[in-house]
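Think of it as A, B, C and D in the order they're written, each chain with its own count starting at 1.
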Amino acid sequence: MLLTLLVLVPLLASVLCWLVCKRAVLERLNLLAFAIVAVLAVCLSAQVLNHGAVEVFGGVLRADALSALVADLTAFVALACGVYAVGYLREEERAGKISARLVRRYYVLTPIFVGAMMAVPLVNNLGLMWVAIESTTLASVLLVRFYNQKSSLEAAWKYIIIGGAGIALALFGTVLIYFSAAQVIGEHAENGFNWSVLITVADKCQPAAMKLAFVLILVGYGTKAGLAPMHTWKPDAYAEAPVPSAALLAAAFINCAVYGIMRFSMLASKCLGHQYPGNLLVLFGVASILVAAPFVLVQRNFRRLLAYSSIDHAGIMVAALGFGGKLGALGAVLHMVFHAVAKPLLFFCAGNVQQHYGTPYLRKVTGVIRTLPWTGGLFLLGAFAVIGVPPFSLFQSEFMTLSAGFAAGRVWPSALIVVGIVTIFAGFLAHMSKLNLGQPAPDAVRGSESPWKLGAMLLVAVPVIVLGFVLPGPLYELMHRAAQMIGDAQ
Amino acid sequence: MSLNPPLLVAQTVLLLLLAPLVTGFIKKGKARLQNRRGAPVWQTYLDLHKFLRKDMVISEHASWVFSLAPYVEFLTALSAGLLVPMVTAQAPMGLFGGVLALVGLLALGRFFLALGGLDPGSAFGGMGSSREMTIAAIAEPAMMLAIFTLAIPAGSTSLSQIVLASQEPGWKFLDPSHALAFIGMFIVLLAETGRVPVDNPATHLELTMIHEAMLLEYSGRYLALIEWGASIKQLVLMTLLANIFFPIGLAAKTTMATFGLGLLYLMGKLALLAIAVVLVETTNAKLRLFRVPDLLGAAFMLSLLALVSTFLFR
Amino acid sequence: MNPSAIHSASNLITLLASAMLVLQLLLAVQSMLITNIRLFALQSLMLAGIAGVVGYAYGAWHVMVVAALTVAAKVFFLPWLLQRLVRQIKIDHEIRPFVNMPASMLICGALTVLAYVVARPITTLDRLGSNTLAVAIALVLTGFFLMINRRTALTQVLALLTMENGVMLAAIALTTYGMPLVVEIGIFFDVVVAVMVLGILVFRIRETFASMDVSKLNELKW
Amino acid sequence: MSLCGYAVGALGGLLFMRREKLAAAFSFGVAAISALCGLLGALLFLGGGAAAPSWQGELLPPLIPYIQLGVRLDGLGAFFLLVVSLLGCAISIYSLDYVKGFFGRRNVGVLGAFFNALLLVTTLTVVANGIWLFLIAWELMALTGYCLVSFEYEKSETRRAGVLFFVMSHIDAACIILGFLLLFQASGDYSFDSLRGVGAKMSAGKRDAAFVLFMLGFGIKAGVVPMHIWLPEAHPVAPSNVSAIMSSVLIKIGIYGLARVCFDFLGPPVWWWGVTVLVAGTVSAVLGVLYALMEHDLKRLLAYHSIENIGIILMGLGAALEFLYFKHPLLAALSLVAGMYHTINHASFKGLLFLGAGAVVQSTHTRNMEEMGGLAKRMPDTAFYFLIGAVAISALPPLNGFISEWLTYQALLRGFGATESLWRLVFPLSGAMLALTGALAAVCFVKAFGITFLAQPRSDAARNAREAAPSMRVGMLVLTAACVLLAFFPTAVVRLLDPLTQQLTGEHISGQLSLGDGLVLASLSEKAGTVSTVGMVLMGVCLLPIPFVLWLVLGRKAKTRLGPTWDCGQRGLTPKMEYTATGFSKPIRMIFKALFRPRRDTQREYDFSPYFATTVRFESHIEEVFVQRFYRPLRILIVRVSRRIRALQAGGVHAYLLYIFITLLLLLIFAL
């Protein structure tokens, strides 16, 4: 029941939004839907914690610890973005950048996007998972194209073409997985495409097909997660989409894609041993981190800066997964959680700055902490969190990842990751220091954030700070179980 | 090891009295070599006496540091002297520090004197301080290496132990490492006491002087203390050179007889050293300031060679 | 079912799959947009045929449904949609591709060889139409190449769709009786929506950039 | 203990953010009290003698399941806790009045909070008993340091320095993380207990790699040449109380780390470790002081001296490692004592000097020495304290710098005899360089004190300078007292070092080092050399009557009068005629021209003859050779390469698709 509702509530909200056109109603409907989803997601986690995996419809929808975790994260990010969107869109409308029609389009599309994202971790059937991921892409393409500008059109085109090519490969991989397992599970098993069934028989699957399948899946879902060299759509899409959508893409959608990779890597590890998928994952992870680094160093646009940071983090997650072992799995899961919690804050702050200064170019913005004190302070805080400075929790997951690398004897990749992280740190810090600190231009006006925006920022900032010091027991238990599940498959 | 009060008093008196004599002796020697009659050897005593009696003019810009400096200079030189074995192998205050403390104390005096040079705010004083400190700084490594050459075989930084170690196996001066170290140390001595290739103690041309420039604003009692301190320092360094490289005639027991013999030996060694200084001063011209590092560099290299040769010949 | 029927079904499937590949190669050298669309429709028809054969041979009704869906969506609806688009945007000719036609022919050939090499370790099993895997991989690879080589937005969409055809070929022919129906329906739904979204974008591109040349979309960089 | 105190102080600072007076009093007061607690704790522990068992415990119940918060106070940790607490206490007292200078301009509550946090994490670093806690505290140290350095963030100089500091800190953290992970790989556990002596289990290559990484990492933190470039940028721009903490305490944590890792974890050293550390120390010492000489920014000058002194500390450490390699634990203990003694000495006098400089900067509003002068009359107390610090840092007897350098000399001299191979020449050469360093430091502090405090004021700001506020003077007094105590009772200090040497080298040597009721410090035996600062002072006091008696006998009638300084018959002396700091160091600049490569820029304007110029403008620049030859080219290279790489993302969707396609093909060809 919970599982169904989690997917249906946002979709229903979308339909309702399509029917009405008053802004206040749209806003409320969205917020309500996201709040319900958040509550439901928490309930689902509680249920999973207490009773283990939950299934409905004969296993079409299924939630274990990992899916509950991803669903929680999606719900959290969606709620925060929902709150932020209210403030953001009102201001955009006031500034005359968008019309009421566009506002409505946003409120119709976003719940679809969220619903599809909720479906990704909850469907058990790998084919349907593919369908869900493809649906998120389609919904988000329209959000990327939200502003009717040349640049947003360009971004949307790149996004959908690159994403489309990638996702086609992923589908091929999915089909091949099915093919490799077909002999074992028999010809007519109706639930043969369910992950929970496949994982039990994965060790008997045909390895050659599994190898090819995993390569295709990795390239395919890797495109969605933004692993280098399939990452190229990301900066464009993140910079052109409206800020709350970009935050959803960066903080929630990335998890869905990585979730897909995780599921398939479990199958592959079980079938082939961890060495083979591990190598590939580490390769892509390290490549992503190293590719992102120079772009961060000489970046000119702070929205794109955030996109490269997200490529870097996707790389870290995948590398952690590739390192494997108990530590690696935990590192990957931790990183996923911590990243999802911290990233929206950066996007919100970047959005505020962009709205206040009217430009995303670093060159033109300085002294934010003077003009927008809250944004400036939280921007710095978020930046520190994202570049992995303690006390913020991303340090923990990054360190855990590196430990896993060393424990697995992969010293050189770990060292390269450190090089990448440090480079990104340097670039980020230099940009952020100039952007936030520094003497504001003489004609800069002091602004203030609307309560909605501020609320959203605090909603994210509080967990960012708290997670650095305290990791609540149930949350850790959930992560731990998810990691254990991944670790067991290896 | 216990303190020996009579020796202490004796050495203090010796330092105070002998120092001006050595200065006077060198001056006289130089004058003779230049075919002048020169002032009497005890002229320095007369100068000091005169200075002590004269009125003082203190710069209105100067602070308490200016007044402190002469005392520090005088006392450190004197204290340093008490760390050196002069006529007995056992220095009276040897327990309180060895060669490192000696160098440190002399440096402390120089430090304050340089501050005193800066204090009145005249350009000359500053210039003098700057040059004095610079030269001392580059002389110091050469001196340390030379001392190490002796201290390492002796296994000690205590001057008395070094002297004893040099004494023991007999005549050591033929040892190349000793010879090299001695030459290095001698150059350092010239630099530290402001002698000719480095500085000209007789000049009063503002732009060439080093040590004297610092003292330009001092007069009367303070000047006396500084001059006296400087000559004590000279005596200390010469004694050091004489006794650690030629440790002959040092009294092992403090009876009057050995003491007297030791004193004679000391006077003799000092006289020889002073003559060497005089010869160098007369036969050389003052170097340009920026050539001085070359000279001191040479001293450093000699000392280094000395050290390497102890390593090789062991 | 008797072995001879399976054998002939297998032959038929191989034949149809080869036809798909040939059509793909034709697509690679054809520069008229309308013809390209028709070639794609024809290719989809072959795919539907394969689905029909599989469904018939195994008596799997839901594969027949897939065949019907393919015919409806890929043979009629999508080509119609795209043709209408071509008329709307008033451009009917491909812009000079990056690699010229003979060279792209060669590359497609090489990709096909690669596909056979890749597929070999997997298709050692004696299964119905199992060597169609090579064809499927070849379709995906050449489709991908087509997407890279062509400048026109619309051809990129077509190339994407041929990749999709390749995947569906694998899905239908390899897994002996196709994937679960919900999945198939989901995939069809997504593909149709995707093409619609792409269509809108193509239309907008033509409107905004006064051209169909997507290589001119290079304002966003770094 | 003191940890909660700091936490309370930090929170308090934040709580009272809006009411600055209260915030200042509360946060710095609490910091002082907590530091005092830490000081007592450390003393109590160290006083327990060589056999004192370490205190071990959990800080908090684990809030994050995989992070152990175990703390442990052992000899090494307790000694550094002592350093941290001593300085923390003095500087907190100083800050009470110092921060009043910020009232109305800056948020003092935030300053207080970060200050407390910095002390908190620094303390945590030295007591941490696991990789997690250590690294978190380590990184937090950098973060709080960054926040404090950037306190006056509008100035672009400050901001750049902050970024440089943080980036270098992060590089060092990265090196340390990699190093620890290598250890972790061998031990399989994060706690320090499991890492003890783990080096023996590692392969030689990994052990060496770990050493190099630690050396780089801790070296950056400690400011070892050539990884020091952040230090002279970051330390001066911070508020002076923060500069004092950073320069006297934070860089010492690098030393702590190095000692912890090299002696505790990495097992028996390899022969070149000690030599590396020794040479790095020597180079740092000499270059640090040479660059310090070229500075006329008072705080930068002090910052460069920190590099110098770190070098001296490393000489002791390096010698100790080398002795351990040659199996001379007694001598290793001696060298270690020398290094550690210099650590606490440097902390006290450098803290003192920075506090003095802070007082000066606060009342003259400039850091440029060329605009100061004559402050000895206007700020007599500060001048006195600064002079004490200057004498101490120049390693002149009878103050504490001399004692530790004396010990270092002793260790280095022993090195020649106790070791084999040609490498032993390194020891006396380091000794000679140490002599050069000491002498140059004296030059530098004659300049620093002379130009800043003596002669006539060179600007109006200096003319109107006021004496520092009471609590600032108390803070300086505490450190002055520390310098004096450390100088006069070396044997007591050596006794406090017993647990440390016992832990790291297995020997405790305070008995062999002290002589004559503890008034005389001996170099392991009486024969090998002795020194007594108390003795020297007594000697001086006893000799003091001599000049007075002479004066009484001969010069009673002589009068003293004030007069103008000799002005060569010109019309009076103006401050412009005084010797400048730049002029003062000119001989050194000329002598070491090859190193400094000074760039000069002279412009003359004249009416009729070039010999009678109406105005002359003279500029002289020194740029560090490492910045010029290594860091700047490196940065330019990285940026250039990054710009090149940017071409990958040139905007064309076809290229992007091609990347994916090529990846796919490569994977299909090679990965299947």
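The rule is simple: a residue touches a chain if its C-beta (ideal position, glycine included) is under 8 Å from a C-beta of that chain, and two chains touch if they have at least 3 such contacts.
Because the structure is a prediction, the values reported are computed rather than measured.
**Student:** Note the shortest touch-path length, in steps, from chain A to chain C.
**Tutor:** When the steps are counted carefully, the minimum from chain A to chain C is 1.
**Student:** Could you tell me which pair, B-D or A-D, is linked by more C-beta pairs in contact?
**Tutor:** If we tally the contacting C-beta pairs, B-D comes out ahead.
**Student:** What whole-Å value do you get for the distance between chain A and chain D if each is reduced to the mean of its CA atoms?
**Tutor:** Comparing mean C-alpha positions, chain D is 44 Å from chain A.
**Student:** From the C-alpha centre of chain B to that of chain D, how far is it in Å?
**Tutor:** Roughly 34 Å, centre to centre.
**Student:** If you average the CA atoms of chain A and of chain B, how far apart do the two points sit, in angstrom?
**Tutor:** 77
**Student:** Please work out the Cα centroid separation of chain B and chain C, and write it as a whole number of Å.
**Tutor:** Going by mean C-alpha positions, chain B sits 99 Å from chain C.
**Student:** Touching two or more other chains, which residues of chain A qualify?
**Tutor:** In chain A, the residues touching two or more other chains are 157-158, 161, 165, 169, 208, 212, 235, 295, 298.
**Student:** Multi-chain contacts in chain C: which residues touch at least two other chains?
**Tutor:** 118, 121, 144, 147, 214, 217-220, 222
**Student:** Just spell out which pairs of chains touch, all of them.
**Tutor:** Contacting pairs: A-C, A-D, B-D, C-D.
**Student:** Which residues of chain D touch chain A in their complex?
**Tutor:** For chain D paired with chain A, touching residues are 63-67, 132, 135-136, 139-140, 142-143, 150, 153-154, 156, 159, 162-163, 166-167, 170-171, 174, 177-178, 181-182, 184-185, 188, 190, 638-639, 641-643, 645-646, 648-649, 653, 655-657, 659-660, 662-664, 667-668, 671-672.
**Student:** Which bits of chain C are touching chain A when the two form their complex?
**Tutor:** Where chain C meets chain A, its residues are 118, 121-122, 125, 136-137, 140, 143-144, 147, 153, 156, 160, 163-164, 166-167, 170-171, 174-177, 179-180, 182-183, 186-187, 189-190, 193-194, 197-198, 201, 204-205, 208-209, 214, 217-220, 222.
**Student:** For chain B, which residues are in contact with chain D within the complex?
**Tutor:** 1, 12, 16, 49, 52-65, 71, 74-76, 78-79, 82, 93-98, 100-101, 103-105, 107-108, 110-111, 114-115, 118-127, 129-131, 133-134, 136-145, 148, 151-152, 155-158, 161, 216-217, 220-221, 224-225, 289-290, 293, 300, 303-304, 307-308, 311
**Student:** Please name which positions on chain D make contact with chain B in the complex.
**Tutor:** So the residues of chain D in touch with chain B come to 373-374, 376-377, 380, 383, 387, 391, 394-397, 402, 406, 409-410, 413, 416-417, 424-425, 428-429, 431-436, 438-440, 442-443, 445-447, 449-451, 453-456, 516, 520, 523, 526-532, 535-536, 539-540, 543-544, 546-547, 550-551, 554-555, 557-567, 573, 575, 577-580, 583-588, 590-591.
**Student:** Give the list of chain D residues in touch with chain C in this complex.
**Tutor:** Per the stated touch rule, the residues are 646, 649-654, 657-658, 660-661, 664-665, 668-669, 672.
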